[in-house]
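We call the chains A, B and C, going by the order they appear; numbering starts again at 1 in every chain.
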């Protein structure tokens, strides 16, 4: 069975700096892959490269066998790859439902159908009682739910989540993990960037570790977290 | 030298001389943009106000326009402060950012038309002792008035340089222009810097106005001409860059001067706009390669 | 059956608009004013599609107005049977001009886009001024007025406005409208949600340019005389259009028409009572509107009225 997503030799240079260098890994359908690494490791850049917001300097990205390189973000979204943003971006002056409808219109041209789908996703994300509030008035936790519902409305088979837990308190984090499990339960493959270690460890089937733009390790969470190179990347080596 | 070279060099020199003054209007506009992200569409009208002030000082008290800089700059600083405090900071509502351009445009209209109502649309001109003086340097004809204006412009720019490099306030302004959040975290009072910067930009417009008075015709709507020039300077040099504004000012002065002599068609101004759009669209960092867009 | 106040008001307004010229058919001055309100209503409503709904305010719509006016004038100076199709041709010419402009400057955002549009309008104005063989330059272009009678003109223009508002309403409540609003709020998010932002911006620009061009053609035919400094005017056309929509209410259906009515009437009052000071009052009006009524008349009415949900009107 071919992988859903195959990344090989992914490289991105900004001026003289290599933000991402020769990164490669694959994601199987139905997996949850955690993408971790210290700050500045290049995780968000990888997301940008996968979703068309950045163009790779080199390397290939294949989704269901066909290349995503050079496609615009909206084209990639239509192929079934959706993302959330690290800094949440609600469409402030639209209501929650209207926000999600924008996503729903990706697969449904008709307004009534789009609205129905949007309302389902709003309910799924447990935002039902705020459905008609302007998105700009939501709390951070709810904005993240909105971000998720909106991405889900586009009907993705692969969802990239960029630090969804950032800024959430412990109970909000628990709820978010629950929600992500339910998303996964719908058959959607996830790539999750996260800093909250216990969350990513328990959630992921496999981990990909990035450091300084390079792929350090790929594999089972327990094995990867015991890898000395990974530990060194996070904590630094004892001496120079 | 044969005549063609003479003409070229003279045109080049007068371009540089007027470009020196353009630098000032460019620096004023770019500093306002860099610090406050406001596109000051009334910049030219501020220059116009300064020109009228300078004109009346000359008419009533015989003060040479070049010396009136010491009056016009502070006066325009105050006007800028008032405009900022009284109007620009009041922008609110969902469309605040988009509307700042509309607001400053409106303020410009108010300035230009207040002057129009008060002083009529008559063209005015300042004739000083040296207005028509021409010097011959190495066989080239050079307008004395332009040289004096240029010299003052250099002086003001040098003072500005010292201000930005050596004073706390100057460095605070530069810091805020580079990275507003970091400057705030470092203890800079960002709001206060913003207010002062607008006043500073207006003061520079005030200085430029005084320096333009001996060499330009004066009428209430001359401001829009200067606003266009100010934008062209800033786009050439990169929005938000002070050295870019100096570069842009000189380039614009030279290009205009050469254009007037070698390309005298009605389309000349259109070419300026075309260049403006193309640079903005394809090289937003300006030709000098720096920007804070 | 209870008729909601809003619908009743709407029907009443339509009634007034339709019957207006019949009531005032002998008062040329009033009819003239009403026609002007409609023409500016068209330019404002077209601008609104791009500047209000799609969030790309332009400071240079005079470019399209002027192109429409001159295309009509040059191709159909004596109108006749070609008058109405001529309006369409004027609009098409403006739309054709809009596309390459968009291709170049849509990479710019916010005020930079607005300024570049202004530059384009100025470029076209200078072209019109200098291409004297075709446009007759600064002396202006005289047409032979067709469509006899102010009443007939009024209904013609009202028809065009109705079509434009119909198209706007249809788009606003369907996918294009949502996509425009998404682009207005955050272009990156829109892209990530599957919106072809470039395509939709071009669509908004093309329609906006088209109808503004039609308005220009109508203007040329109605006033039978145009010159570059009027139809390509930054203050009289571009700024006025922007102001009309802000005054009436951005991204509302009837805002531009309301704004046009208010501005045209006020402009007339300024001209009559203030002489040379009329532009000054105009400038003061701009400042007041931007500072104290940024959501426009319709926006304010929405806040005061019942909390009826409307797309994107938070």
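Things worth noting here:
Just so we're on the same page, a residue touches a chain if its C-beta (ideal position, glycine included) is under 8 Å from a C-beta of that chain, and two chains touch if they have at least 3 such contacts.
All values reported here derive from a predicted model rather than from experimental measurement.
Steps from chain A to chain C, minimised over paths through touching chains, total 1. Of all chains present, the one whose mean CA position sits nearest the global mean of protein CA atoms is C.
Farthest chain from chain B, judged by C-alpha centroids: A. Per-chain Cα centroids separate chain A from chain C by 42 Å.
The distance from the centre of chain B to the centre of chain C, with each centre set as the mean of the Cα atoms, comes to 33 Å. Taking each chain's centre as the mean of its C-alpha atoms, chain A lies 48 Å from chain B.
Multi-chain contact residues of chain B (touching two or more other chains): 94.
Within chain A, residues 93 each touch two or more of the remaining chains. Residues of chain B that touch chain C in their complex: 39, 87, 90-103, 105-110, 112-114, 116-117, 231, 265-267, 269-270, 273-274, 276-278, 280-281, 284, 293. If you check the complex, the residues on chain C that touch chain B are 55, 57, 59, 104-105, 107-108, 110-112, 114-116, 119-120, 122-123, 126-127, 129-130, 235, 239, 242-243, 246, 250, 276-277, 279-280, 282-287, 290-291, 294-295. Those residues of chain C that touch chain A in the complex are listed here as 173-175, 178-179, 181-182, 185-186, 188-198, 309, 311-314. Across the complex, chain A meets chain C through its residues 51-53, 72-74, 77-78, 82-83, 85, 89, 91-95, 98, 101-103, 105-106, 109, 111, 114, 132, 134-136, 150-151, 154.
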